[in-house]
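Should a chain be cited, it is by its letter among A, B, C and D, assigned in written order, with residues numbered from 1 in that chain.
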Amino acid sequence: MLISILMLMAFNRQNKVKVIFFGDSITQAGVNPGGYVKRIDSMSRQQGKLQYEFIGAGIGGNKIYDLYLRMEDDVLSKNPNIVVLYIGVNDVWHKASSGTGTDADKFAKFYQAVIDKLKAKNSKVILCTPAVIGEKTDGSNQQDGDLTEYSKIIRGLAEKNDLPLVDLRKAFLQYNLVHNTGNKDRGILTTDRVHLNAAGNQLVADEIWKAIQAL
Amino acid sequence: MLISILMLMAFNRQNKVKVIFFGDSITQAGVNPGGYVKRIDSMSRQQGKLQYEFIGAGIGGNKIYDLYLRMEDDVLSKNPNIVVLYIGVNDVWHKASSGTGTDADKFAKFYQAVIDKLKAKNSKVILCTPAVIGEKTDGSNQQDGDLTEYSKIIRGLAEKNDLPLVDLRKAFLQYNLVHNTGNKDRGILTTDRVHLNAAGNQLVADEIWKAIQAL
Amino acid sequence: MLISILMLMAFNRQNKVKVIFFGDSITQAGVNPGGYVKRIDSMSRQQGKLQYEFIGAGIGGNKIYDLYLRMEDDVLSKNPNIVVLYIGVNDVWHKASSGTGTDADKFAKFYQAVIDKLKAKNSKVILCTPAVIGEKTDGSNQQDGDLTEYSKIIRGLAEKNDLPLVDLRKAFLQYNLVHNTGNKDRGILTTDRVHLNAAGNQLVADEIWKAIQAL
Amino acid sequence: MLISILMLMAFNRQNKVKVIFFGDSITQAGVNPGGYVKRIDSMSRQQGKLQYEFIGAGIGGNKIYDLYLRMEDDVLSKNPNIVVLYIGVNDVWHKASSGTGTDADKFAKFYQAVIDKLKAKNSKVILCTPAVIGEKTDGSNQQDGDLTEYSKIIRGLAEKNDLPLVDLRKAFLQYNLVHNTGNKDRGILTTDRVHLNAAGNQLVADEIWKAIQAL
């Protein structure tokens, strides 16, 4: 009992486990009420795991190279203990929507460079695959091929760098195979094919929270 | 015996069953030695089915609306008995390679307009789905999502118009699941991810020849 | 006086000069109050030129091949005396915004095919160049190069087919060189870089009305 | 005479003025015989200006963010006295050719970040505008609008950072207005609309060599 109290005392503000969520608009919205970061924060408190401090670092429209550009200011300077990388949707999506996506080989290169900088700062890193651009389960969402390819790249980087992976793309597909029998393109885990509704935020929160605790 | 002779005589030049293959560069190459049109022609002769005349009408780079524009000159004016429609790769591919693909809703609209004109001329019509842009079997070819969607559109048009369908996309995937265990992006049925090698031409020839005979 | 009355009587409904404006969303909005078609209609009445009947045939998102597809239903079946062709913005714009623009060579081909069908119906044809995607006058709007190229194609077709040309692209640039000294990308003749505000609708109305009367 | 000898001795290997050309395939080819870097090297020697050491650091397909990613290894680690930044063609071009160009706002951001890192290393910096994608002089090359915009961004950065500018885009246009009266898209200063022929390499060499000497 005394030990528990001492342990809790030890996790004062200075000694908190700082977790930064580094990503795009999905993560930017994640810190809003109902967002996945907010949900992880709530879950951790409810479970009495008070040692964590959760910080959102998501900016709309970001691709992997935007993360690389701003990581000194927005992540490294804050000395995080854990960084959750959740990026890739815009790298694929912007090819079609504005002609400014990211080539697969450069995606891999910048992603590795982000990992290297985090490791050099002794931060633990959790990788996430980009979930969906469209929720149809029959493989007919326009970007399904590319999202699968970029997810494979991230899975490969997790393995190569021996890092934990939260395979959101796989989790979303499995969820939708059960809950999206109508093959709809939105409305099950997203509001608009990309951004998370309540169920989507909860699913992401559950998956990432598991990975954080497993570190 | 006499009847057979009379039958063969009846299929003189004027009375041949004229089959036009209407498509893009894949069909343009199809009339070359080893091409799928040439192979159908050879198979039909070997099987003693001499009543057919096979004509290639493929032009490189064509999309569905290019077929619509030139169908009077290249197809209708020749009074075909059967038209095999094999189109869709460029409608999808050119989105990424030059920004000039075809929107899905317009693809469906022009495709239906082509069918309507052929039907109005009392031509029988066989629809084909676009096979592949990349032969990987794990769904990670860049255009897999879109090709699947455009194939669904064609399947829907076949059903709606009560027309026979040669589902090349399905046939290629099934073949590759057996023969492309290394998940290569080319070299099994194509030379370059899109255009057919010998095995690809034979597979297309077999599938379409079955459909022609089933009419 | 008697002659005038007889003339007016002669222009009864059946004998009106039917003018169809064939285009995209700019023309679709042109029939609304304040739109360029509405303005031409008002000007003609104010000038006592009552022999015209003006009909809008614009649909949002249309490119040259969409006009070709629907011209039988929307234009030819109405036996127009004059058709004003105003198309090209989406053929260029959609390259960047959705990967579904129109290649320059195919733009020229379909444009000629539309002209041919109108001529075959003995309709007079007026060609317009696409005005602007962005109003900056220093040549730095993203699509300036392509819009200039597609305008050159239309100018060439006007010359080759001996048809009157309303060079809106040139007119807009000249107007903006005077009125847009701040090099703004919108707000002078358009509301949003593409669609016409009151001044833009009036400029288009003036230019086209001159061309109609000059026939 | 003695002074000259002493001066030459002073410019031994350690004390040479190290100039790095940092860019894309145009610069990668610049170190080949006849290339612009090679020409600058030859001119400097012929003029007896032996204090310079010229190093090419161009990689095909590079955009501004690729330079940012590799600048530590390829530029900063070599402690250059002068860095010539010549980038931007792929940032614009790849929008249409593969859907992977660079948004204008991000181009500006990464470009500034590259400048900042060079300044922090006390390197002098020379900026170049991207010359051409197509040599037509009437503003009808597909990317003319965008290239003009990105050149404006670079001109703005030169002014804001008080850095010398080599305005290759302007120089190429002026040259072509005289020498390309046929409005050809290639063959005057480029071989293929983008990469430099002998005249193009000489023009670039002349312009940059002037700027280096003016530092």
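The criterion applied here is as follows: a residue touches a chain if its C-beta (ideal position, glycine included) is under 8 Å from a C-beta of that chain, and two chains touch if they have at least 3 such contacts.
All values reported here derive from a predicted model rather than from experimental measurement.
Trainee: Most remote chain relative to subunit A, going by C-alpha centroids?
Mentor: Between subunit A and the rest, the longest centre separation is with C.
Trainee: To the nearest 5 degrees, please report the angle of the rotation taking subunit C's Cα atoms onto subunit D.
Mentor: Best-fit rotation on C-alpha atoms: 180 degrees.
Trainee: Approximately how many whole Å separate the CA-defined centres of subunit A and subunit B?
Mentor: The computed centroid separation for subunit A versus subunit B comes out at 43 Å.
Trainee: Centroid from C-alpha atoms only, then distance subunit A to subunit C, rounded to Å. What do you get?
Mentor: Whole-Å distance between the two chain centres: 49.
Trainee: List, in ascending order, every residue of subunit A touching at least 2 other chains.
Mentor: 95-96, 98-99
Trainee: Going by the contact rule set out above, which residues of subunit C touch subunit A in the complex?
Mentor: My answer: residues 95-99.
Trainee: Of all residues in subunit C, which touch subunit D in the complex?
Mentor: Checking each residue of subunit C against subunit D gives 95-96, 99, 134, 138-149, 152.
Trainee: Can you list the subunit B residues touching subunit C in their complex?
Mentor: Residues of subunit B touching subunit C: 65-66, 68-69, 94-96, 98-103, 106, 109-110, 113.
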